[in-house]
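Alright, structures below, take your time with them.
In the two complexes below, chain A is the common chain; its partner is chain B in one and chain C in the other.
So, the complex of A and B:
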């Protein structure tokens, strides 16, 4: 029996439409990432947190846009919540991450943020 | 980070008077952090404006959209397909963001929603204090990390004025004298010699927009 993910509370059509706008770039970026980890040291958050792999730009990009792409936009609120923590709390979008094969990681993170924003998922800065 | 506060609702209402379709554009940068121009504040402003307009029987289409940062062209790209549907834009970004947005879409009027106030620190949730005026000539090295341009009402560079009164500024008994704080900090660090030197006053006049190019990039942008 197949398990069907509940996407209640997420306008998956809207998510898909946003992803489609950058489908080619997203697909190529995901395909091109060789998991070489060379982007890691260009991230000050990665360097400042004992090189925690969860702060690697590639990790952030693969676990946000990668998930959205893989699920073809059919994500649930939980997915988006997890994504929010990843792309806002572990990334300040300083746009300084460097990829030797030329993946525009900041653009990909910005795309994931855009998807989250479209569904009302964004950081709460007044949170304690 | 840049700190800002929202303009009075009347001023915002006046700005969009005569425009039917309005896009309120939020910014996910500094103004989001200081709780004045992020996505939530866009929704709040729209709700508030809708109530005002309804009470006055005025019909307008008010939409909201938040981009990551309005001071970066890269993040304005996503607005491109939407812009033609609107008569004007309300920008919730700082002055730099508003100008960048207006430059990117020169055919459509852009109105600011917030007043950019300062470069400041987060004192508490929703409470911010000015710490820097971006004067372009940082003297914190010799003033013990206390900015005389921002903290001293007269922006003095060489010690307090005659108005210092019971450890406070003559402007208000609630404002501590910046120069007393500078003196005390330097004394504690045994660095009082730092303020014995006379420093020339800041040249505020004839300022033109400052563009900076970081040293490693000088070659890249040289003509």
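So, the complex of A and C:
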């Protein structure tokens, strides 16, 4: 990246500490994902939302944990906000998603949720 | 071609056919072993009785019923039932990717010349036909990457790179066998080089899914585990 991303309002050390707890599994899972999209039909939201690719388990996994890993936890509030929509609005964490390679997608989504929660980014209904 | 150029190509050709073959196999086998143990270290053994039966497995109704698995139901609920075309294409591709190089006649002649041992060899026409099948499978994958919205949504440049790397030994092997290009030596060098690069890439790049899927699906218990599986993450 040519510019330094502003991480104001995000405790990046805390984010990194959470990621480090599952770093090896996260790294290997991201590497093992073949981007085959064969997990798509296992998500009832994907099937119920006219097969919108944004509901695919792999899309949610790569655009949450994938972003956190790529940026080494140095994310901003905007990144976390986008992640919140992805991992709460488009995923109910029902754990029914199925990866042919064997990636534990629910665990990875749960990790991204944990990071968001640690920074106070989560849906309104969880606050109430 | 001047003499210095000729020297370079002779050196490169000999290097690709000699030390680099050994390096490729050592990196492949050592890297694979490393990844297998690494994966096993991420999972831990758990008594299977603690895990509840999933779809495709009958929940025991009587005390003596051990909860027999309904394999038809299991298959219907798996990707084979949901996406049979891709299951067939992907299975054929991966099986041939691993099996083909071992049973190609040319490879076995090289083995025999070097070590005096060889595997059973496929006839040249069968190998040629199977190579075309692999290339067609690659074409299906490429079509999906280029034109299907769902695949495009998560495709990166590395997907094209690794698909090319997986296809390269087969495409160059096909060209070399049919002597499509005049410069046979260059094509066969590219064939050997691409095969070596692929072998070395397996344990450390996106190709690690080959090791990952076998180990995880065989050892970690889930409704769709291929083995008995007595481990969890």
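List of remarks:
As a convention for this text, the second predicted complex is superposed on the first by the 123 of 128 C-alpha atoms of A that agree within 3 Å, B and C clash if a C-alpha of one lies under 4 Å from a C-alpha of the other, contacts with A are read in each partner's own complex, and residues count from 1 in each chain.
What we mean here is this: a residue touches a chain if its C-beta (ideal position, glycine included) is under 8 Å from a C-beta of that chain, and two chains touch if they have at least 3 such contacts.
The structure presented is a predicted model; accordingly, all values stated were derived computationally and were not measured.
Using the contact criterion defined above for the overlaid structures, shared-chain residue A:53 touches chain C, although it does not reach chain B. When both complexes are overlaid on chain A, the residue A:76 reaches neither chain B nor chain C.
Of the two partner chains, both chain B and chain C are touched by A:107.
In the superposed model, A:93 makes contact with chain B only, not with chain C.
Shared-chain residue A:41: touches chain C; no touch with chain B. Between chain B and chain C, the partner in contact with more residues of chain A is C.
Of the two partner chains, chain B is the only one that A:123 touches; chain C does not reach it. In the superposed model, A:28 makes contact with chain C only, not with chain B.
In the three-chain superposition model, chain A touches both chain B and chain C at residues 107. Within the complex, the chain A residues that touch chain B are 93, 95, 106-107, 110, 113-114, 117, 120, 122-126, 128.
For chain B in complex with chain A, the touching residues are 28, 32-35, 38-40, 66, 68-69, 72, 74-75, 78, 125-126. The touching residues of chain C, when paired with chain A in their complex, are 38-39, 42, 78-79, 82-83, 86, 90, 144, 148-156, 159, 205-206, 208-209, 212-213, 216-217, 220, 222, 224, 233. Within the complex formed with chain C, the residues of chain A that make contact are 24-25, 28, 31-38, 40-42, 51, 53-54, 56, 58-59, 62, 98, 100-104, 107.
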